[in-house]
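There are two complexes below, and they share chain A, which is joined by chain B in the first and by chain C in the second.
Let's turn to the complex of A and B:
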């Protein structure tokens, strides 16, 4: 549920980047920040371990502007992908409006993608949310590695593994080069619009 | 709200997003990818603007003035991405800016002098692209040592941390959603656990450097 404050006329849309550890969630936000911070004028808050892993979450808020009299603000979060940080993941999911599932295209992590998606399903259920109903975009990341001769999962396999039932909008991406990073973000924000709209009364 | 408004919201948000994040297709070509003459011109313009910003902060420390300065420095950082020495100086200016932003009129009386001195160093380096590397290094060393002295003497540890990290605490004036509030509350508790965990792993790592034969394999 988007956070709507009728008094201050503010709307906050919360997007969470979810997915297996080292899949590229943080890199998505870093790309957006590095490329557009001069325009969005907000800071990326990141907490990392010494091995560059996300500790709690990354947080990148930005203002979209005043629309229909409301100040619309988007908040992008990432969860820590490592299995052991499940309580933090659950916490970050609280009040989520839309999820980007960042899957890793590398063949070696096929199972990790599936387990992470299952974990998302479970954690959403704990908030009485259905993975089938929540706005969701599937991002198949690290597609640039295909050129490097690294064994990859084809988009068809990924679709079959992860998206056969969900049928969410999906796209390949490279958070490193920026391919489809902005497109992913725009898509997920637009998918949340009907729900957000429902709350503006 | 009726269906018409519905479309308006969606369409309007879409439009704004397009505006905010246009030129997505030039992926990979950030400021560094621009032709050099344009970069140089942009750099010069930004440098002038930073100078003006510093003067206005020197005149009166207002939130708007200091925010503008930090934003401009951040932009300059992108333009100077390939110049390591300039980057360090810019980062120092940003740190100082953040410190002043936190302390406002309570900032140490020397803060603005240090800032002007660091800026003068930066200006020298950027104005003379063909300055030999060791001359640049000399400028950098002078500024860094001044900055360090200042940092250790006058900036209290807490403010130093804040000045470094682009943290949420700077933005407390803005409304925080209940979700974020909850997250932040839980952060302290979780931090303890994770820090303990991190330390343990660090220790293990250090131990394994010392005794390379106690490898994981032999267990």
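Let's turn to the complex of A and C:
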């Protein structure tokens, strides 16, 4: 749930990057952090295992400047994608305002994408939120691997698997090279802002 | 949906944080919600902490500890406190949605702090209830 502070005229919005393990959620935040290093006053907070897998969450606060006279601060989080971390994954979703679903384009993980989306649906429902109503952007990540000859899921297949009913804005991306990483973030902010705009005066 | 607290409520909350907590000798106090948003904060100017990261971690930590409590059949743990060599941190839940995070040095006794935090928590609860929101 976003917080609007009428005194400091600041809005805080919580965006969560969700998706299967190793899909590239943390890499998205790392790219944003490195790219905007000069603008971000704090460190990227990462609670991870020795093997670099997210254990609880990554956290990156990001000032996006003024919208309608309010300073907008976006709090970016990632969840741990591994199936076994469902209890902590669910905690991170608490109070979420917008979701980026990071799907993995590699053909071998087709099923994992679908299961993770189903898990998002369930965990949102537990907070009385609907996946059909929450601002959502679909990111089809690791598109750079196509050039390496790795068997890939085409955007059409991914659309059919994940987005046929949701019809969320979607885009291919490469968190590693940065392709569409910032575009994804801008898109989710644009979708999320109207949900709090009614409270701004 | 957004959480809206009006300016009067924020002013009242800030004066509770200042008068009941900071003036005790506490170095920093932050009121957050369970999503990790910061509603209000006050410090004594001695040290600058990264309160945004602190809020995200405190909300996550509180969620994890509550989930552990449920697993072992407790509703909630009554004392949430971490002790360091010179700085300590104390957490106190306010209604269902909020958390008061207090950072204080060893010069403040834990017993006294808990008493004062409990008073502040009931004042803040009243402030929230006064306007019917949130």
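Rule of thumb we're sticking to: the second predicted complex is superposed on the first by the 191 of 201 C-alpha atoms of A that agree within 3 Å, B and C clash if a C-alpha of one lies under 4 Å from a C-alpha of the other, contacts with A are read in each partner's own complex, and residues count from 1 in each chain.
Note that in this section a contact is a pair of C-beta atoms (placed from the backbone, for glycine too) under 8 Å apart; a residue touches a chain by one contact, two chains touch by 3 or more.
This is a predicted model, so every value here is computed, not measured.
Q: Looking at A:82, would you say it contacts chain B, chain C, both, or neither? Reply first, second, both or neither.
A: neither
Q: In the overlay, work out which of chain B or chain C sits against more residues of chain A.
A: More residues of chain A are touched by B.
Q: Between chain B (first) and chain C (second), which, if any, makes contact with A:195: first, second, both or neither?
A: In the superposition, A:195 contacts chain C only.
Q: So, does A:55 touch the first partner chain B, the second partner chain C, both, or neither?
A: first
Q: Classify the contacts of A:178 with the two partner chains as first (chain B alone), second (chain C alone), both, or neither.
A: A:178 sits against chain B, while chain C stays out of touch.
Q: Figure out whether A:43 sits in contact with chain B (first) or chain C (second), or with both, or with neither.
A: So A:43 meets both chain B and chain C here.
Q: Where does A:34 make contact in the superposed view: on chain B (first), on chain C (second), on both, or on neither?
A: First partner only, chain B.
Q: After the superposition on A, what does A:72 contact: first (chain B), second (chain C), both or neither?
A: So A:72 only meets chain B here.
Q: Name the contact category of A:91: first (chain B only), second (chain C only), both, or neither.
A: Both partners.
Q: For chain A, which residues lie in the overlap of the chain B contacts and the chain C contacts?
A: 3, 5, 12, 14, 43, 45, 56-57, 59, 75, 87-88, 91-92, 94-95, 196
Q: In their complex, what parts of chain C are in touch with chain A?
A: Per the touch definition, chain C meets chain A at residues 1-7, 10-11, 33-39, 50, 52-53, 56-57, 59-60, 63-64, 67.
Q: Name, in rising order, each residue of chain B that touches chain A in their complex.
A: The touching residues are 1, 5-6, 8-10, 12-14, 16-18, 20-21, 24, 27-28, 30, 71, 74-75, 78, 165-168, 170, 175, 177-180, 182-183, 186-187, 190, 194, 198, 202.
Q: Would you tell me which residues of chain A are touching chain C in their complex?
A: 1-7, 11-12, 14, 42-43, 45, 47, 56-57, 59, 61, 73, 75, 77, 87-88, 91-92, 94-96, 195-196, 198-199
Q: Could you list, by residue number, the parts of chain A that touch chain B in their complex?
A: 3, 5, 8, 10, 12, 14, 32, 34-41, 43-45, 49-50, 55-57, 59, 62, 64-65, 67-68, 72, 75, 87-88, 91-92, 94-95, 177-179, 181-183, 185-186, 189-190, 193-194, 196-197, 200-201
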